[in-house]
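Chain lettering (A, B and C) follows the sequence in which the chains are written, and residue indices restart at 1 in each chain.
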């Protein structure tokens, strides 16, 4: 591995930009030398004199005194003006939202992944009745089923399998080995990372006389505009009607969305979240990693749940929750802090009981709590 | 998305059935107009005057007063007789098990997914020594390894990879991009949803002098008749002998079954369940979402575990459990209810200690519990 | 299924070895008949008179009195000398590390999986600019992107998709349907089980004016020598620089490693573990099934975490932890034992309060704790 480069991307082939140009692009204020040329975006630790980096998480502010970056994007609300590095001021661009500003600069300098040029691979198997929009890339070993419609500008990487009767709008990107089952609907600019499975059968069985009888799953999945589905994430089709992921929602990896769920707009459901069938969420819900949600419940707008939380009943809008069963986050923090003390609480209760017994001049009536 | 249909399936091309015919099919009793024609199964919210729906979960009984369904299948044990809708009685079919009855009607009207007609795609790669039964569909970009035997009527969707020496019985369905490793055995009517991996190497390493040495995994996986494996679920092959999933058991999505597990008959292991190596379950075990099971333990017949439970020791048959570590469900509910009160318990204990100290006329001996 | 063999592998075609030869191979001591011929490795329950088995977990020591194995490998530290079976002593090989010794014997008798002979399938799609080493197997329906370099002796099973600019060193094995995104680096002898996704986009979004804007993920993934990636496991590429898995580390199935994580050497991260972005681990860390790790934290060398633990802050080297939030394992065991008693603790506290009130001759001031 010694001679393998550690950074994935070579220096941008584009000409560099000055710090002044970058600042103008994102509406920021330059502190330091605005004429310096910048060629690449890199991490604070790795950036050199012609690279730009950023800091947004306060945990990493201390890196500002050691970074060799040519420029750092920082939040305007933080007071960075006095930062010296080797006796010289660090070049910075102050902007209201450093994270978003840096994202804009990454787009400007590096852009998103460059997909293959439009073409239909002769190694793809496209059904005669399927319709492909203009400007699509259809990779090798892709199948596209009967009556399926692919919108303009879609990028279908190798090994993707799209079954019959699917309708996909423009500019979707399906990475290698994604599967889309029959009759599903994808809006504009939907992205699915590799291994994602969209529209497999819902987990529906009617148990009768000791046998679990499979229920036909005649519904579908609808992914609205600008949704993203993580790698190896699974979205079950509805038993009837549709499992829906509304516009702008982003699912992490290995997430499972049960049949007939309705996920609202602009949700962030992080990796390994599991949502049981027929549950629904409002808009701007954030569920951290490994959160579980029971079936048939509703999570209100802007609810945020801490990692591993177990949500088993409806949540009103705006709540921050944690723990299992999920409770208000402040209370959860108190509870889980106290949890550590539980053996000590038991011991102290026994001591209190003994003192009471002595005061009462009667033997302690209770058996001690096991410890 | 505006013009995309929200329901996946078009109206059934089959001629409709009267409510009387549907009731006869499932042995139910008609309340209302038995002559009405029904064409489709739909949800209570979406059903129109020629659609049939059902209600089984009491949570949704209130929808009966607003549904526009032409007919609703209901449990005989519930008292629906008096339901009025717009001043007219709702047409219903009462039957002992509405969920199963509705499933029978879905089968009658819509049927299971129609698979492609039997054929061997010229784009599949079937080893010369492999044997295929009659009436199989083998899709494009499928590989079938040396000496593998595929039973009659199997449906192997595109992108499925089946390694060497596999034996698969009749009428199995493997959805796109499923992988079956070498030497595994599948019974009759086994279904595997997309991305399922059957028989990958068990997680077996012998750590010696600081190195984790891979242990050859020379066993296999046996999936018995009528098992179903969810999307992106992984079943490890045995180090020696077999990892077995017994007849009728249904695995959800992103489940992991460790090597040498033996899962009993008619289990329901819901999405994201993880079972460590060499664990076993009896028959009719139900593990809800995200449950974890430690290695080398046995879970008795008919045990049911609530979502996210962590099971680390043997469980006797018939237990309902919850929590981590898993405890009897009733106790778990008491414990987790009380958990919320834990900071308050600590506060009250401090108060009792102070009162005791005052009574004893001595200072409180104990440092207060941190809160 | 009746006529399907239950064991995956036929008897080894190689000639048998005597127990003496096996003992010499692993530096063990023979107890019993060293001349007996052994042909296969099998489990204690299934082994016959010409099979060798092993016992290492004390839980299974009792099987020694019933096994019909021709030979059993046992730990030298255990006292097995007196074991009789049907009145005759059991043939055993005592060795310092029975598990590792048996692994060596499995290698000797059965070997690792035999991969297909080197060849480039005419059904693979290899970019003109890609470079393949000598002695590679490239299966059907594999794609290899532009400028990708595959080292000598690699085995690329059917359906694997490798994007552009990947560099893979010698002797890697990618099982069917693995995906490697652009620009990733794999060291020597890396193994990826089916469905693994290496280098998909990190979960990075800058939320601005109510929209989650995708951040270009311009970094990559580096898998160092001798790493293994489980089935359907996902490793996100870095936003910038590299997500790294250091040498000798083994990941289970359905694991998720977030972007910019740095996982140390010789870690064991068991199935369904999830590690959020920018977290790092030292060497020899062991995380059991379903453990969750928060982002931006560091887990020290040799930390071991029990199943389902939730780790949300840095951990010093050498700690054993459990529970959520993770605490020292001994304390976690005390806490979770006491947890079961929590309703009883609440009841006893109420009793103590009542007794206190009586002693004080004043009414109990506190409302009872809800139970």
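What we mean here is this: a contact is a pair of C-beta atoms (placed from the backbone, for glycine too) under 8 Å apart; a residue touches a chain by one contact, two chains touch by 3 or more.
Note that the structure is a prediction, hence the values are computed from the model and not measured.
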| item | value |
| --- | --- |
| Copy pair chain B, chain C: interface residue numbering same or different (half cut) | different |
| Size of the rotation, in steps of 5 degrees, that lays the CA trace of chain A over chain C | 120 |
| Whole-Å gap separating chain B and chain C, where each centre is the average of the chain's CA atoms | 25 |
| For chain B, residues that touch 2 or more chains besides their own | 141, 159, 177, 195, 232, 254, 272, 290, 308, 339, 342, 345, 349, 352, 356, 359 |
| Complex contact set, residues of chain C against chain A | 125, 141, 143, 159, 161, 163, 165, 167, 169, 177, 179, 181-185, 187-188, 195, 197, 200-201, 203, 205-208, 210-220, 222, 224-225, 232, 234, 236-238, 240-242, 254, 256, 258, 272, 274, 276, 290, 292, 294, 296, 308, 310, 312, 323-325, 327, 331, 334-335, 337-339, 341-342, 344-345, 348-349, 351-352, 355-356, 359 |
| Chain A residues within the chain C interface of the complex | 1, 4-9, 41-43, 45-46, 57, 59, 97, 99-100, 102-103, 106-107, 110-113, 121, 123, 139-141, 157-159, 175-177, 191, 193-195, 228, 230-232, 248, 250, 252-254, 266, 268, 270-272, 284, 289-290, 307-308, 324, 336, 339-340, 342-343, 345-346, 349, 352-353, 356, 359-360, 366, 369-371 |
